[in-house]
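A, B, C, D and E are the chain letters, set down in written order, and residue numbers restart from 1 in every chain.
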């Protein structure tokens, strides 16, 4: 079964730099640093003052349920900048069996040309 | 070359079936196309089994030791064809029952009028 | 005016057609295949080994019996599938 | 089709059904000697049952036999088939071994004088198992599909 | 007869029993389910457990280095090979392990997931049949037998995809799947017939021994690769995959992942074993540079893989249906395996190639586990909220704590973040592909980052945020679903913590089996 040195083997970097202990300790240190910085910030933080209220550039604050960003609104800018790409590929994805088979025929033809001619 | 007409018939059957699947819009015609491809492949297997002036591979009333043993065609492609025919029946039954369900839901058999996959 | 889809389909379909017909022409001439080792073995020995006069049945149920099991399974699967699709949805 | 067809069709199918049945069973039983076998004979018998279904209508037939009985029958045939394969594992020490041939159990036994009978060992048994399976399976498919469609028509009427 | 002999006998017969036991269970299920439902579920789970026992028994011996062959109907194989062989080498055993784990998780999961539905007897029958079909595809050594099991898998999975027949889209997805897989399987059979016409053999080892790469072999190779790649969901033939994955019940989707990878296994088997003897043959010289078959095939596969990764990730980013999004992510993940194996094929016989093959094969099991876990989480959310669109979700982390944890594990694993198994295999892929062509590696890394973005989107919009008014009374899912998800996440974390162990003991034999087919052939044909 699994002996101890084989377990230790896995901590050495084999093919691929991969050492779980290094990663886990690194994450722990990062969390520690973040906690310390947070401690610094906490001194200037006063309860029940204007600081705690959220400020929507003067507009009234919505109630909680409305504040949730829906899935389709995420990455809006990304989608907007890649409109041309998505226009092409939405046209490609017609949920249509015959088109699926046509794509199969196209790939088969290209492969025939590549493999058969070369 | 000229003896290969059966193989060319096989290619023609497969291509007709593929044409029906790619260019027809009716679900029933698509199913027919798939069965055409299947019968083309079965015809290919059977034509592979044939040998010039050979009989069916059945030892009726003779044994390997007896004289005038007939020249027999290949038995394995027959078995493969039998298997693939039964498989074709199974696939056909399932496809047709799905077509019935699709007709119940959408009231049409035209591929373009179905729901598609984009919401 | 043909649509873009029709044109692309026609082009690649004809390419596939050309290659399939070529493969049909390149196959061994119809009726006389090359020396068949496996099939000749089955033809010669099926009666003695399997005891079936019908060599095809010998292949189907003995030499390639596992295929037949799979084939029966395919039919079983299809029946189960059809009964599943036409089941009553309410309990 | 829900109400069945005319009296002529019913009578003719009544007459010809036993012949179809016997022919199919003949094909199944002689599978190892003549062209045919479990699948072919089963298909013949199933087509006979389909003839009865067309003649009498699917609702009448469904009243006679339910598809769940047919599926039980079919799984029995499948279990018999795979059970024979497992028996080969037990008696012949190989899965799918034709354990009645060349093992000197019953056939190929010169002492019994049965050595030159071409009984094909377990192949007839497998033929019967597959035949039962194919009869039940194909008839179940046809019955269920026909019943579903006719029920739909009855609802629309 | 002591335990040693019993184990030895079981080991000798295990290749047949691995397929025969699920088949027998499937045939018995209609009779068992007459008793009552609980007995049926227990029976199905016990069947899968017995299958898994034989799988691990066989794998433990195959990974020790010896290939198992099992002849159906004869004590020992004879030349010419007239009977059906099962030939189990490292790759087959590796894939069989994946199928076993997935089927076990799927059956446990569906105990409570499918409780409310009717027709469960047929459902469990088809699950067992699908498992048997996958295992047969992975273990068989006979081309026609491969086709038969391919059909079993496709028919069973088609009927399961259309399980919810009251939804039109599910039925439509089922029809698309059966049409696609029927055409693919028929072309596979056509290619098999082409091979049979020339070499009068159906056994893979025999075919691989005397394959010549004539014109008909070229046709057969193209048809096999195209048809099996379509079944494996390679862009641009991937479009059936989101429909099928998105509409099927979650436990069926888990098995579909395994079926897809069985087709992937078929592609690898054809490229590396069936045509393995001809891979080094020079096709032609173009201005001094010689084009060999492996470089040509490898280039084709790598190009397909890059397109697959890009389009899979980009399409996943814009989906708002949870399961469709995961399905597109699964397409991208399949592209990673294709990328690594194609890179290994272009540089066959070098150290880089071995690393690439190891990465690709290791990624197969990782992808199966990660994507499977995510699909189970999606099914759990559907079970709890009856919603699939991300727009109607929000704040689920409050009521579904365990599910959230499992989703986080799957998220990190799919995106290749340490300390999960996805990282361990992806860094192998990056390193080895970088030495083939740096651009490929860069594209792969960028797409991996986008994949993380995809699931961050899911995490934010489904689990975080304020509690939605209509999701106030959401409960945590029942135990069996949690058990299934926990089983998979335990394996994920174990693979992530001890990757070297897995790579050395499980992946290495599979990579060796891919790298050279001489042992596969000589097992049947005797020493060449």
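For the reader, a short list of remarks on this structure follows.
As a convention for this text, contacts are C-beta pairs under 8 Å (C-beta built on N, C-alpha and C of every residue); 3 or more make two chains touch, one makes a residue touch a chain.
Here the structure is a predicted model, which is why all the values come from computation and not from measurement.
Listed by label, the chains touching chain A and chain C alike are B, E. In this structure, the chain pairs D-E and C-E differ in their number of contacting C-beta pairs, and the larger number is found at C-E. Summarising the inter-chain layout, the chain whose CA centre lies farthest from the centre of chain B is A.
Among the other chains, the CA centroid farthest from that of chain E is the one of D.
Between the Cα centres of chain A and chain D there is a gap of 57 Å. The mean-CA centres of chain B and chain C are about 7 angstrom from one another, to the nearest whole unit.
Measuring from the averaged C-alpha position of chain A to that of chain E gives a distance of 24 Å.
Shown for chain D are the residues that touch two or more other chains, namely 33-35, 37, 39, 71, 75, 78, 82, 85, 96, 98, 138, 141, 144-145, 148.
Counting partners per residue, chain B has 14, 18, 21-23, 30, 48, 56, 58, 60, 76, 80, 82-83, 86-87, 89-91, 93-94, 97-98, 101, 114-115, 117 as the residues that reach two or more other chains. Touching two or more other chains at once are residues 23, 27, 72-73, 144, 148, 151, 155, 158-159, 162, 165, 172, 175, 179, 183, 197, 215, 219, 239, 243, 320, 389 of chain E.
Remark: the chains found to touch one another pair up as A-B, A-C, A-E, B-C, B-D, B-E, C-D, C-E, D-E. Touching chain C in their complex are the following residues of chain B: 1, 3-8, 10-11, 14-15, 18-19, 22-23, 47-48, 50-52, 56-60, 63-64, 72, 74-76, 78-80, 82-83, 86-87, 89-91, 93-94, 97-98, 101. Here chain E touches chain A in the complex through residues 172, 175-176, 179-180, 183-184, 215, 218-219, 221-223, 225-227, 229-230, 236-237, 239-240, 243, 283-284, 291, 296, 300, 311, 314-315, 317-318, 320, 355, 358, 389-391, 393-395, 418-419, 423-424, 427-428, 431, 453, 457-458, 460-462, 465-469, 496-501, 503-504, going by the rule given at the top. Partner chain B is touched in their complex by these residues of chain D: 33-35, 37, 39, 138, 141, 144-145, 148-149, 152.
On chain B, the positions that touch chain E within their shared complex are 14, 18, 21, 27, 30, 34, 37-38, 41, 44-45, 48, 76-77, 80, 83-84, 87, 90-91, 94-95, 98-99, 101-102, 105-106, 114-115, 117, 119. In the complex of the two chains, the chain A residues touching chain E come out as 2, 6-7, 9-10, 12, 14-18, 20, 23-24, 64-65, 67-72, 74-75, 78-79, 82, 85-86, 89, 92-93, 95, 97, 99-101, 103-104, 106-108, 111-112, 114-116, 118.
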